[in-house]
Amino acid sequence: MGGPVLDIAAQPECSEADRSVLRDRLAAVRRQTEALAVELTPEDQAIQSMPDVSPTKWHLAHTTWFFETFLLCRFADRYRVFDANFAYLFNSYYEAVGPRHPRPQRGLLSRPSAPRIADYRDCVSAAMDRLIERADGATWAAAAPLIELGIHHEQQHQELILMDIKHVFSVNPLLPAYRTPLPGLARMAAAPPPDWVAFAGGLDAVGHDGAGFAFDNETPRHKVWLDPFRLAARPVTCGEYLAFIGDCGYRCAEFWLSDGWATVQQQGWEAPLYWCRDGQDWSIFTLSGPRALRPDEPVCHVSFYEADAFTKWAGRRLPTEAEWEVAARLAPSRGNLADSRRYHPAPDAASGDAALPLRQMIGDVWEWTASPYIPYPRFRAAPGAVGEYNGKFMSGQMVLRGGAAVTPADHIRTTYRNFFPPSARWAFSGLRLAEDA
Amino acid sequence: MGGPVLDIAAQPECSEADRSVLRDRLAAVRRQTEALAVELTPEDQAIQSMPDVSPTKWHLAHTTWFFETFLLCRFADRYRVFDANFAYLFNSYYEAVGPRHPRPQRGLLSRPSAPRIADYRDCVSAAMDRLIERADGATWAAAAPLIELGIHHEQQHQELILMDIKHVFSVNPLLPAYRTPLPGLARMAAAPPPDWVAFAGGLDAVGHDGAGFAFDNETPRHKVWLDPFRLAARPVTCGEYLAFIGDCGYRCAEFWLSDGWATVQQQGWEAPLYWCRDGQDWSIFTLSGPRALRPDEPVCHVSFYEADAFTKWAGRRLPTEAEWEVAARLAPSRGNLADSRRYHPAPDAASGDAALPLRQMIGDVWEWTASPYIPYPRFRAAPGAVGEYNGKFMSGQMVLRGGAAVTPADHIRTTYRNFFPPSARWAFSGLRLAEDA
Amino acid sequence: MGGPVLDIAAQPECSEADRSVLRDRLAAVRRQTEALAVELTPEDQAIQSMPDVSPTKWHLAHTTWFFETFLLCRFADRYRVFDANFAYLFNSYYEAVGPRHPRPQRGLLSRPSAPRIADYRDCVSAAMDRLIERADGATWAAAAPLIELGIHHEQQHQELILMDIKHVFSVNPLLPAYRTPLPGLARMAAAPPPDWVAFAGGLDAVGHDGAGFAFDNETPRHKVWLDPFRLAARPVTCGEYLAFIGDCGYRCAEFWLSDGWATVQQQGWEAPLYWCRDGQDWSIFTLSGPRALRPDEPVCHVSFYEADAFTKWAGRRLPTEAEWEVAARLAPSRGNLADSRRYHPAPDAASGDAALPLRQMIGDVWEWTASPYIPYPRFRAAPGAVGEYNGKFMSGQMVLRGGAAVTPADHIRTTYRNFFPPSARWAFSGLRLAEDA
Amino acid sequence: MGGPVLDIAAQPECSEADRSVLRDRLAAVRRQTEALAVELTPEDQAIQSMPDVSPTKWHLAHTTWFFETFLLCRFADRYRVFDANFAYLFNSYYEAVGPRHPRPQRGLLSRPSAPRIADYRDCVSAAMDRLIERADGATWAAAAPLIELGIHHEQQHQELILMDIKHVFSVNPLLPAYRTPLPGLARMAAAPPPDWVAFAGGLDAVGHDGAGFAFDNETPRHKVWLDPFRLAARPVTCGEYLAFIGDCGYRCAEFWLSDGWATVQQQGWEAPLYWCRDGQDWSIFTLSGPRALRPDEPVCHVSFYEADAFTKWAGRRLPTEAEWEVAARLAPSRGNLADSRRYHPAPDAASGDAALPLRQMIGDVWEWTASPYIPYPRFRAAPGAVGEYNGKFMSGQMVLRGGAAVTPADHIRTTYRNFFPPSARWAFSGLRLAEDA
């Protein structure tokens, strides 16, 4: 989901019986996307606060362009494109589909306006509904996997809408709130140190096994050798991260990778993104506006460099993605996801499967791993535009696992590989400690 | 009006009798500003397409902040500021008034929304109305010159709104039109070469003489010595500029100042801003959208570097600002100004005082002069925040004279000094040839 | 060896008997470094042609500072530093040793002059000689591993001297030659397609096994699972790379990683570094000056991005570093190394163990692998300044294997891990194809 | 002399009788240039410490190329160019003469080496000697003005050699001295406030009057009107400038031009170039190495922005270049010039015509004026390559007058116009206060 979004999917099989199910899921996901924007002004939806961020209305249009381009233009009888300019404006990065508006200039598009994009969505959603209903058997067999892919693609952009509007609001001196706060959580004391859960390692296998949908970067399932290891029972908390800051964390080169230390110096980092110090007190900016930092909630909006430096300071390390996946397969404990509408990581006790030994593996914060984002052995890119770029982002990024408080609950799974450059901080990214057994 | 706007005025005297006149003029100018934005969407008003450009809604708010800060907060009984955050958001560059939002980040302000800024304008306009009505004699004597200044300041921003929205629309691949085109002008043939008008020179004087309003940079009136010179009867046309382009204009270093040549190379300039070549044909982008280039209309959106290179190619030179002013005093011929709502320079015959020997001195295009923007001899900056920056922009810029098709007709005068950096092109800037007699 | 040099070593044991051996090796390596600079003018040795490049005299001084700082200052009785300023000037990146001159400004150091640095070298070499002779048993046990490390460190800089002076000369319009050409090689025809050598894979182990010197990044030896694979019998040649260029290689996005494609666009890459097209002919710049490109020699000075794009075009892939090492262990075939003084990769038949199925694994060109440079499982950084940065460069770089025509023959081994950022091209970097079996 | 050097001259007449005089002057000036470099190492002469700085050996070669290109290639029988590559390497900015090595990359030229450039100088000097001796009458008439120009051009580069090597040494942490200090000057107390000298103004004339050599930018002589004014009897001292620093000089926006204030912030300026604060004490870097700041010597290495801000703080202003010239014509008092070999401005009493009311007008420090560098009325550029760029630098720079402690004494005159961008500080630039009478 990092940098540019990975839009590409493996091809699950879809039977005739799935038609109405898929139609309903598509409609529900489309409505959910629109619901995310309903409280935003037209200006809120047009701003691009940094090159990585896209305006809300661009997300609304791009996800629609995806269905128009890869489904309606291919499979719908006599479909006429809504606006011939949109192919240029709302193509994200598909070189094979043609030239496109430069990413850093998405914030310059005052037109098309928010109402016109709403019309675009309605028109394409209606045409998709007709397509699903009327497609003959052969068309359906070809179209259904792409509809499935489009649904997952749109869910990725739901998370991006929340990540991006948080950044947009954070650079406005008025610090607007995206949503009103949920009722407060009681405890604010620092959390006790985490328990450690041991794993035996050995010859194992990771990657998607073929049941249900997965993106192609999760395949093929393949053998890995793992030495014995241990994982912390929960993610690192803000209180623990404060101790790192207080103990020379951002001022001592010894904890940092060389590139990370250079980034700290150049960017003047002194804390995670969205943290603000006022004398002895810390506040953070959330999608519900600014509020005091809670020591017991998972630290969030740290880069890989910061996550790695924290582990050095703590005398531990990050897990590899294979370690994380093997552990999560045994205990896929769920925490706080987008469906809670909290849109912020919650303290351990406040959510999820608290009885499991490993907690909050799924949800709350994406967990940085020690693994660069590279193709799995024998990975093959799909042919054509949809599959054109299966591997094109597999360079210079690190893998994150498990989803966050802004990830749709039915989107995440234990084999899911998210990825961002090591300096990125605007995702809801935290970490969990690992160590050799 | 260049770079940052020069907001500062000399102090005319205002009698009691002027109250209702000033109130009506203020109201009319405020309404005129709002009329400029009435067709724009909220997103149109929020975009900043380059650091020099400000969003429309920022102009709407900043001109309002000017009255609030320099009039209401000082002179209005028990006035409470509309929103305490606005001082930070809408101060342009007054260091003495306090810190302010960085200029290049004005496009990040999704909030305050367009409706809230409309409320701000209404509230301040109403309070100004009350202030003018109720001020006692001493208050009125102090306030009236600042109101006069605020009116002229707001008129400057009317021109900036038009300049800026033109740039905003120009970077949108959809190329929206700000207004529908006026009925077409008949003639499109190239204009005949201009006549030349001779001036005797000698010891003369330039600068504002004290009657009516002027900005302080137009004062004091002072002696200058001028050698005999001649001016072209009209500005350089697009057809003449095309000949320069066709004759190696942008590819031969010999015509260019060293800094200008470096800019041509770095920016890849091949024509004025908003010109677009399609094979043998040229089109231009206007506030009425794109259309074919007319060879008979004044060339516009050229930088000082381009204007100067054109004169070298033509074997002539630019006039000095003193030459221009002495000539204009004798024959202040009016062309096409903002009141025509054409918002684009018109061919010579299409407008104004065609019987005068010098035509289009006022209006159509700002005319670059050979004069750097420096203080007049014995210039004195006014004390305090309003006068704080009288001379602060008098470095690195060149003087332009005469107003353009986007300048309010009652704002421009022969002593008016506009100024921009030599590389700037988004103003409605053209040129008129001069030569030694 | 990439980016900043990895100076840090694992600790081999050194017996008393090794003293004279180590002393002689040290003296020989020191002399060899000086021999590399003997034909260079003082100006040649002072130039820094880009931030990654260091001046020759900086290398001469830095390798000397290493022995002074980590050996003489710690172990030599009453040693007085040669010049107190040199710690600041010639520390490369050891944060624990103190502040240092910024890397991009090494080319600003006209002083100390070349003769003064020669004095520095002589003084430190003599002091090292005395230290080795006179150290008592305990001192010797502590010092010997660091001397071993210093020797390998200095050999790394021998390669850097050659890489860097090649770049320095390449930016000089006079295109000076570092050395006179060796007698020409006969054949210049394109090489026939390579044979393929198959490997069975399975559970294997890679990493240094403890006999002889190794850098700590080669440890610990650890288990890996490998699927069956095949390697090309020789590196990709210039002739093969020319076919890639001719077949849209640098103009078709489909072959490229997203970051690679962006780099191609930004840098205007059209061929490997040091290649120059003149009509239909290609020449290359070598350490013997410019000459015609030979289609049969290994392609060199390609980035990881280019190597990866070539494999996509060829329908193959890069080997992982584990695959490369397992294969090389079976057949460590030697090609052309620095000791040949050719300083340029040679065609397959022209050098080395031509009888082995895999040829030129060692020497000629460093071979890019598909593996990001990360720590081996259970890797541990050594304590203190020498070990301070064991892992600090393990981010954002890719592993290369096998050494090149500028690598000292007694420096390279099959477990050796070199590393550079994926965009770097000034190393002698090429590639070998791999495929799944 | 600023930015790129203005190499171009007006054409004085030269009689036959001048031959031996000109030959001797040429030889003396050439030797003087070489004497400036005699203590520098080859590396010293190769360094380019910032884009504005050229290496010493580049100056040595470029001044030689000037005679080769504009004299020998045109007028000397059967002259063969010394090295065909040098036209590319040592052309400064003459577009008509052909392409040239980019200015910011002059520091990358390790070759040609210093000895080869010495050969080049000897060869061209000898050929010039022969040309002067053997030229027939017509050739002599054409060549002599260009020789005169070449002499003055070379003197400009003598000053540049000193300016540039000072900067080169200043960025070296070893802070080398270019020359040993002269015997110290006794007094170090702050100077008493300066007297003021009044001038009546009126209609006057400035510019070169035709007797003796002048650059063409000093012509034509033309009328100017001046209001009455006063000048300070001596330049501003370091002690006075320290008071400005201590009184919020670099931290209060109110004293600064807007561009100047932005530069202060971006560059982090807190004092003139080469000043260094150590607690309460200040030292400065000179061509004799670092030493304590003297409060009684003229402040030097300030930009126009700093000079202007100082005058605002002092309640005064800078003189215009016309005011300066009219005053200097009456009293061309000489201070300390390059011939003293002090290479640093001296306190008022320490040098020159102390009896004159205006002191140190010529020498010690170049004095910033309030005048942008623009052509004089009716200025005409000479035809051809030598005259190609007469006016090409007349944009974006400010005029300085009077020469400095590094200017050859027979090079400077009261009509001489030097010029630099308003942010430049590496020239020996100071200021003198003026005020309206």
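Order of writing sets the labels: A, B, C and D. Residues in every chain begin at 1.
Just so we're on the same page, a residue touches a chain if its C-beta (ideal position, glycine included) is under 8 Å from a C-beta of that chain, and two chains touch if they have at least 3 such contacts.
These numbers come from a predicted model, not from an experiment.
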{"item": "Farthest chain (mean CA position) relative to chain B", "value": "C"}
{"item": "Rounded Å distance, chain B centre to chain C centre (Cα mean)", "value": "60"}
{"item": "Rounded Å distance, chain B centre to chain D centre (Cα mean)", "value": "38"}
{"item": "Mean-CA-position distance for chain B and chain A (Å)", "value": "47"}
{"item": "Contacts with two or more other chains, residues of chain D listed in rising order", "value": "none"}
{"item": "Pairs of chains found to touch, sorted by chain label", "value": "A-B, A-C, B-D, C-D"}
{"item": "Sites on chain D touched by chain C in the complex", "value": "41-47, 49, 85, 88-89, 101, 105, 107-114, 168-169, 171-174, 176"}
{"item": "Contact set on chain D toward chain B in their complex", "value": "3-4, 93, 95-96, 203, 222-225, 227, 253-254, 256-261, 305, 308, 370-372, 374, 377-378, 388-389, 391-396, 422, 436"}
